[in-house]
Structure formats: structure tokens, C-alpha cells
Amino acid sequence: MRTRLLTVVGVAVVIAAVAVFARLARTDVAGQSPAPAPQAGPASLPAEAATAAEAGETPWGDPDLQGLWSYDLEVPLQRPARYGNREFFTDEERAALDKERAEILGESDRRYSPGTEQDVGGAYNAAIFTTHKPVGRRTSLIVDPPDGKIPPLTPEAQKKRAEIRAFQVALLQATDVCKNNLPGCSGGKYGPPSPRRAEAPPHYLTVAAAGGPGGGGGIINRSDNPEDRNLGERCMAAVLPDFGGNTGFFLQIIQSPGAVSIFYDTGQGQGWQRVIPVTANPHLPSHVRQWWGNSRGRWDGKTLVVDVTNFSPKTYFQGSYENLHLVERWTRLDTNTIEYAVTIEDPTTWTRPWTVKQEYNKQNDYANRHYKEPRCHEGNYGMVGLLAGARAEERAFADGRGPDPATKCTAGCGGFAAGFGDSGEDSNPLTR
Amino acid sequence: MRRWSTGSMILVALAAAAASAVVSRSVTRDTGEATVAAARTADGTPDFSGIWQANNEANWDLQAHEARPGAITQQGVYPYAYARVPAAPVLALGAAGGVPASIGVVEGDGEIPYTPEAAAIRKENGEHWVDRDPELKCYLPGIPRAMYMPYPVQILQSANKINMAFAFTSTARTIHLDKVEEPPDDTYMGHSVGRWEGDTLVVDVTRFNGKNWFDRAGNFHSDALHLVERFTPISRDAIRYEVTIEDPKVFTRPWRISMPLYRRLEPAMELLEYRCIEFVEEFLFGNLRKQQLVKRWEGETMIIDITRKVPTGDKLYEWYRR
Amino acid sequence: MRIRLNGSMISVAIAAAVVGAAISASVTQSAGQASRPGQVAGRPNLSGIWQANNEAHWDVQAHAARAGAVTQPGVYPLEYARVAAAPVVALGAAGGVPASLGVVEGDGEIPYTPEALAIKKENAEHWIDRDPELKCYLPGIPRAMYMPYPFEITQSTNKIHMAYAFATTARTIHLDQVDPPPTDTWMGHSVGRWEGDTLVVDVTSFNDKTWFDRAGNFHSDGLHLVERFTLATPDVIQYEVTIEDPKVFARSWRMAMPLYRRMEPNMQLLEYRCTEFAEEFLYGHVRKEQLVKRWEGETMIVDITRKVPPGDKFYEWFRK
């Protein structure tokens, strides 16, 4: 009898002790919990993940947009009028355009008058922009309106643009650009240095890139302050929406449940990144503004639809500022293609919304050709040189040793059409 | 009545004690206190997706330290190191301009094992913080510093990549769980390759360019820096973050830091921008403006005057390279 | 064999259960601090070292990032184009203000009366001269709960003590009956009670000398708070506070935020005894000889001139 009781009690003690120690072990800290530990090795995905991948889905069941993608086609933003409402080139037209562009770019003896600022700009272009992306299928990035053009500006936007333009040409007034009636001076005329050179610009100017002559964006011919220079020179050229600009771009997309991250390797060291919350939560309060706006994503079938609002007044996109509103649609068409479509609207700037479409190509994930170090800022000797050089020119002029800096051009001068001529038959046939 | 032997009573007592330990343990844990287990992905690994932030003083100085009167100090009325006062650049911030105390994040004896030459550089860095700390210039902050700066980090964990997006200067790094080619050049943020060891994400980080600091105290490294990071869940909302730091050009042996990272638990938390490139233009280029912009500030008990100077010759450009 | 329950067996079992509970209580651990019971007298135990991990101490309302704690107009006369001002320009990116989703509930607005709103704006414009934090004055409640320094809660049965690293200040929450304080206070008079697992604290008897944040949000001596502390997990307190002050706000409003346990294994509260640190800020203008005058870096020189406000203004400055 005693033996059996002891046995029963002994078993109970052992069971209880095991229970105590098991609980202690499980609730103790840091990496010692005895949970199952499947090794997700690099070479093979676990079985469930592999099936999901075949279905174009992430392991948690969302459409899979992940990987490295590139956009490396030459497609103008707006469609040249001669192509009317056609969305696509024929293969013959593409080949002809490539040939014509190659011939223009290959002309090594096309020069502006030697020694002019345009000649120097042109030389920079000839050295840098020796290769170009091939012409894409699309006649323009804009697919709506049907004519492929940015819709008309509202009167309010036109007025703002005119005010900026007037300021621009005032700062070019005393330069060769106006003396020689180059396109950069259109709307202005040659004259002595304008007193407006001492004014702050009439609106906050944050143009992404130097761009072509004239424009309406607002690059100004001055280096009094870092704020006078364009965003590219300030190493802040990354904008949303980003269509890849001159250089095209590489995207890295990584998803997790409820979030999609996109790193844009774009421009020259101007890369940027965003994380899109996939949520029904409302946007930020309207007084909180961001350079890249505030994104809200949701899945619509296989498409990631992203609503972007809350842009900062410092945003500048084709004339739109803080009232910019985007609706993006990211769809993986097949293993190797993502279609990106974005509807762009701002009733204070354009009379109707417009839509851009692009196709991105899958790149080799192993090669990992994705530059995630937008180090423009960490090596921005250009800004230092622009400012220090301008101060040196002022001192030289004050000492009678140099020309009036007001007669020199450092922005909007022309000659910077990426290897093409500014106008005429040597200009880029895609924007002519 | 049967009499129980002493032995039986002891055994019964032990059993009851053990049983009640289990019972009371589950009672304490069940009054809303159960530690929430780590989130897991479909394949069973811990899921670190979410927004995280350190909650310590490591970005000021990795090593244990007392509170200091200012981020920059000068000698007070006494010539003692412990009696310094805030210096001009931070004086106007009063108690908001000091450095909080810290128990430190360096493991072991808390020392950072610099070579004698490197220790001298670290000391100089500390003395020239304003001119040399890349954080002030809004340069890419590097790893591990980006993990414990006072700004949030969003982790997106996918099957073969883990992305970390940082609010500070909107930078990011990718941890590759699959095979990829090495980058063609050294980098500020390093090249991160990860693998799972049980519930720990182990990340090997190399290919640094040597331009970063570990903190605001001047602790630094060279382009030979090699890190092994370990991310282990403490619970669903806390990660134990450990880093083994190796750099034979600077340290005589490897050393380690460790700290918790905490999930930001606000509902609808999202990463917002700290796009400081624009914020630092005055700091970086204000000495080259045509007309000085930030010159003077006048309060009720003090006036601050800023004079800018342009370093001569090549020093102008070298200052940006620091 | 039948096991028969009898008196001695029962008493042995009970005694053993008590011992077992004592053992388990001493063994209960969560990552971080020394062994600590999950409960005190049947209530969730809030003891330990905690810290907010957000941007509320800058500005409790949602805001985009700013170039500096103090800004001035840039080259444009626009609000969104200001630059870091002289008091912080030497700190570069370390001197800015991070963005925040805000901690004010509802529509995120603080319902100031029109007169009070004007004062808030002035406070913000005169931050350096008016924010009591810079003078290392007692920070008040709720500000002390979310300043970027840790605090330690010691929970007993009839008192709960909160000790703050900042200025090494503290407050006691009385769960028992005590006489109210004889005068108004910086840190308020806190009376607590448990509602289920939530500690509800009524705080009154404030003076008007503390702010809510570095953005100038303030109150009067009519301030009345109701705080609620609930353990969401063993390492997270959900902290909510309802704020009422009929002299300043048109209605009551609420803030809410998580407070996180500092989970370092050897965490302890260290001093931020800023009274000494702030002496130059507070009294440097009446030293016999100016002590902090100039700092020279490679691209900028910072010169400090001190001034003594005339007449009564000299004393009023310390009262702000």
C-alpha cells in the first residue's frame, strides 16, 4: 500500500516539476524559446512559399510585385503632335527614330559658337550623354487625354507660371542668352542687369532638374543661396511621381503583409524610397505635409492601388504644388513585366486629370544591380563650387578683375538638351 | 485513521508545491500579463515586420556615461572635467540641450578596444563633434547607428529579402536572405546578407566605406568594418538587437553592443519623413551664401551672433568629406 | 488501495501551496529588471522603469518635421521654408524636430479659447525664454510622463510613486485618503483608485507654470487631469489622460500613448540633475564675468552676448 502511494505521489511530483520547468523555460528571455525552427535557407523556399510564388502571390497571399525592375526606354512625356492620338509606334517608326537620334548624337562637329556658354554646356553634354536609351513602343508616357498632352493649365496656374517666367528672364536679361535671342530668353529681352536680381523669387522654386531652355519650371540664373539652385543640384531631385527622367531607373520592391516598400534608384545619386502602408486608415491630417506625400494602398484584384495626398508646397510637379493628388496602379502583367499607371490631378493647376503609363522589366535578382546609396549629398562638391565660385566672381568684379556676374548664365542658358540641339532639326525628334 | 509517514507527507507537500507553482504562475500570467509571443511568418520564422525604434541614449554615446550639461561643453569656473558648462552653440537650449545619462550598450567591461592611434582619433572626433559628425551634415548614417538613432525604422520582411526603411534622411538597407552579387563599391550603409539560426536573424554586414560614426561621441570605424548583427524576438513587441563589431584597422579585438528595439505601438503608426538634406543647407553652405542668412537671434537674456567662415583652399572641400 | 483525504493531508497541501506560490512569485520574470511579482495586492504591478518612445515632448499635435527647434525665415517669406535659427544652427540635422502623428485624440485639435490660442502662439514664438523645461523647472504632469528620459514606478498597496530622471523629480499617487496640499503645485496632487485592472488617477492643485510640450501648449491653475494606466502587455502601459481646464480650453480633450518598459537587463534610473546644467542659461547674465562667450568651429563662430532685462522684467523672466 505504501509503495503504491509513494509511486502515485512520486509520479505527481515529477509531472508537476516538469510542468513548472517547462513554463519557466518558455517564458524566459531571448532566443531560448523552444519553438520549431525551420531553416529558410537561401537556395530553396519552403513548400508553401514556392506554390504561392508560382501563382504570382507572396506566401501570405498578396499579389507579388517583388524584385528588381528597370525602366530603360526613351519615351517622351508628351506626344509630338504629328502622331495624333496614336498610343504606339510601329516597329519601323521606332527603328527610324533610333537611327535619326543616333545620327544627331553622333555628330561631333555640331557646335554652338565657340566660347559661348552654350558651347560649354554642349561640350558637357557631348561628353556625358554619349549613350541614350532606345525608343520605346509608346508614343508618349501620357495615355490620357487621348492626344497625349498635359491638359491646359488653369488661369491660376498660368498666372503663377507667368510670374515665375518673368522672374527667370529678368535674371537672364543681361546674358548672352538674351543678347543672342536664344530660346532660353523667350518672353524676355536683352538689357542691363535687372534689379530683380536682389529679390526673392515670387514663388517657392523647387524644380527637379535643369531641363531644357525656357521651360516654365523656374530654374533661375543665380547662385546667391543654395535655394536658388534646382533640386538636382541640391541633391533632392527625387520626386513622386517618378518616371525615370533622363537616366531611367531601377526599382527594388519588397513586400510584407500590410506594406509595400519601393526603392527608386534614379537619377545620378538622387535615389529615394517609400513604404506604402496597405490599409484602410485615413490619410495624415491635412496640415501635415510631406515631400513625397502620404500614400495609402489597397489591393484591387491583382493591382496595388495607391492614393497619394498631403504633398508639401515644396513639391513641384509640372506646375502642381501642394494640391497634387495621385492615384497609382501597380499591376504585374506577367513574370517579367509590371505596368505602372498613375492618374494625376490638381484642379487648381490643370483643367482635367491626366494619366501616364509605363512598363517596367524584371531584372536579375542575383545580379542585384541596384544602387541603394543615393550619395549625391555626401559628395555635393557641385553646390560648394557653385556658391564659392559665385562669391569669387563677385569679388573679382568688385576689384575690377572680372565681368559683371549678372552677365553670366548658370541656368536656363540652353545647350543642355542631353546631347541634342536646343531646337530645329538637330533637336530630339521625340520632343520636337 | 491511517497515519501518514513523514516521507509521504513530504512528497505530497512537494507535489502540491510544484502544482501550485504551476497554477499560480499561470494565474499571474493570465491576469492580462501573458507575454505576447513573437509574430511568425507562414514558414514559422519570427516576423519582424513593423515599425521599431530604440529607446535609449546610445546615439549620444555607446558607452555608459553620466548626464552632461550640453552636447558641446566648455570649461566652467573650475578646471575640472566634471564641472564643465554648456558651450555657446547649445547654451540657448538650456536643460533641453544636455545629454542624458546612460547605462551604456557596450557589453563586457564596457570599453571600446581602440588601438592607441585610433583612440587618439576618437578623442579628436569628440572634441570636433560639430565639424566632424556626419549626422549633423545629414549624411547617410551607416549601420549600426541607423538602428538606434532617435527616429523610427520600418522593417518589411519578405521571403528572401528584409527591407529596413529609416525615417532619418529617408534611407534604407536591404538584408538579402538569398544569394546576390556583391556591390561594386564600398558603401555608407554596408552590404547586408542574412540567414536564420533558429529564431535569430543573423546578418553579416560588410563593404563599408568607413565614413560613419557609431554615435555623437566620436566613436568611429574604418572601411574594414565587419558587423554580425543578431535580431532575436523577446516578445511580439520587442527585439533583442546585438552586434559584434570587428575592424582590425581600428580595434584590437571584436566587441559587442546590445539593446532592445521596441515596436511603435501607436494605432495606425507609419513612417514619416525626416528629410534633413534641406534642413542642413544653412549648416553646410550658409558660409557660402551671397548674404549671410542666419546671423543673429535675440532673446530676453542673451543674444547669439553667428559669424561664418570659409576654410581656405582645399580645407573647404575636405570639411565636406569628413 | 484507496487514498483517503484527511485533515493532516489537507493542511500539508495548503502549506505546500503557500510555499509554492511564494516560490513562483519570486521566480516570475519578464525580460529586463529584477524579479518582480506580476501583481501587488491583487492589482497589476506597474513597477519598473518606463519611457515614452515618441515625439510628444516636442509637440503633442501631429506635425511634419522642422528644420530646427528654433527657426527663422529663410530666403522665402513662407512658413514652410524657414531655416534653423542661430540658437541651433550649429547642431545641423541633430537640431531639427522629427515628424509626428501626434498624441491628441479625436480630431487632433487642442480646443483653446481664442484668448488662450493667442497665448499659445506667443509661447511658441518665445520658446527659449518661456519654456520651463529649458530652465530645468519641475515639468508638471502629464509632460513628465513623455519627456525623453526614463521614470521609475514603485507600486505599493496604498501609494504609487513615480520618480523621474529629469530634474530628479517625483510624484506620489495616493490610493488612500490624505489631506489635500495647502497650496498649488508644479507636479499636482495625485489621487488614485483601481477600476478593475486600470489605475485611474485624478490630478488637481496645479499651478499655472508648466507646459505640455516644447511647442508652447500650456494650461492654467484650473487644470484637472484624469489619467488611466492599463498594462496592455507586461512591458507596455497604455497611458491616457483627459485634460480639462475651463480657463484655457473650450472643452476637455484627451491624449493617449504607449509607455514602454526599458528592457535592458541591468536598467536603472540615472540622474538628469539639470539644475546645475541650467545655471549658465539662467544666471549667466548676472555673473561677475561672462563665462560662456564664444565658440569657434571650422565654418562658423558663435558669439554670446548677455543682457539683463530692466527692472521687474529681470525677475519676471524667471517666473515665466
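Letters A, B and C mark the chains as written, and numbering starts fresh at 1 in each.
Everything below uses one rule, namely that a contact is a pair of C-beta atoms (placed from the backbone, for glycine too) under 8 Å apart; a residue touches a chain by one contact, two chains touch by 3 or more.
Remember, predicted model here, so these are calculated numbers, not experimental data.
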Notebook entry, point to check: Quick one: most central chain, C-alpha centroids?
Noted result: B
Checklist line | Chain pair, A-B or A-C, that carries the greater number of C-beta contacts | finding: A-B
Checklist line | Interchain centroid distance [CA atoms averaged], subunit B/subunit C, Å | finding: 23
Next item on the list: Express in whole angstrom the distance between the two chain centres, defined as the mean CA positions of subunit A and subunit B.
Entry: 30
Next item on the list: Mind checking the centre-to-centre distance between subunit A and subunit C? Centres are C-alpha means, answer in whole Å.
Entry: 41
Item checked: Multi-chain contact sites of subunit B, meaning residues that touch two or more partners -> 12, 14-15, 18-19, 21-22, 25, 29, 35, 137-138, 234, 240, 268, 270, 272-273, 275, 278, 281, 284, 293, 310
Next item on the list: Would you please write down the residue numbers of subunit C that are in contact with two or more other chains?
Entry: 24, 27, 30-31, 64, 74-75, 99, 101
Notebook entry, point to check: Which residues belonging to subunit A are in contact with no fewer than two other chains?
Noted result: 5, 20, 27, 29-30, 224-225, 227, 284, 288, 290, 314
Item checked: List of subunit C residues in touch with subunit B within their complex -> 4, 6, 8-9, 12-13, 15-21, 23-25, 27-28, 30-31, 37-39, 44, 51, 53-54, 64-70, 72, 74-75, 83-94, 96, 98-101, 103, 126, 128-129, 131, 133-136, 148-149, 165-167, 197, 214, 231-236, 257-258, 260, 262-264, 266-268, 270-274, 276-282, 284-285, 291-295, 297-309, 313, 317
Note to self: Quick check on the complex: what are the subunit B residues that touch subunit C?
What the structure shows: 1-2, 4, 9, 12-25, 28-29, 31-36, 53, 55-56, 66-72, 74, 76-77, 85-96, 98, 100-103, 128, 130-131, 133, 135-138, 150-151, 167-169, 216, 234-238, 240, 259-260, 262, 264-266, 268-270, 272-276, 278-284, 286-287, 293-297, 299-311, 315, 319
Check: Within the complex, which stretch of subunit A touches subunit C?
Finding: 1, 4-5, 8, 20, 24, 27-30, 200-201, 204, 224-225, 227-228, 284-285, 287-290, 312-314
Notebook entry, point to check: Which positions of subunit B touch subunit A when the two form their complex?
Noted result: 5, 7-8, 11-12, 14-15, 18-19, 21-22, 25-26, 29, 35, 37, 40-45, 47, 49, 134, 137-140, 154-163, 165, 170-174, 176-181, 183, 187-189, 195-196, 198-200, 211, 232-234, 240, 268, 270-273, 275, 277-278, 281, 284-285, 288-291, 293, 310, 316-317, 320-321
Check: In the complex formed with subunit B, which residues of subunit A make contact?
Finding: 2, 5-6, 9-10, 12-13, 16-17, 19-20, 23, 27, 29-31, 33, 35-43, 45-46, 48-49, 53, 58-60, 66, 223-227, 234-236, 252, 254-261, 263, 272-275, 277, 279, 281, 284, 288, 290-292, 314, 365-368, 372-373, 375, 377-381, 383-384, 387-388, 390-391, 394
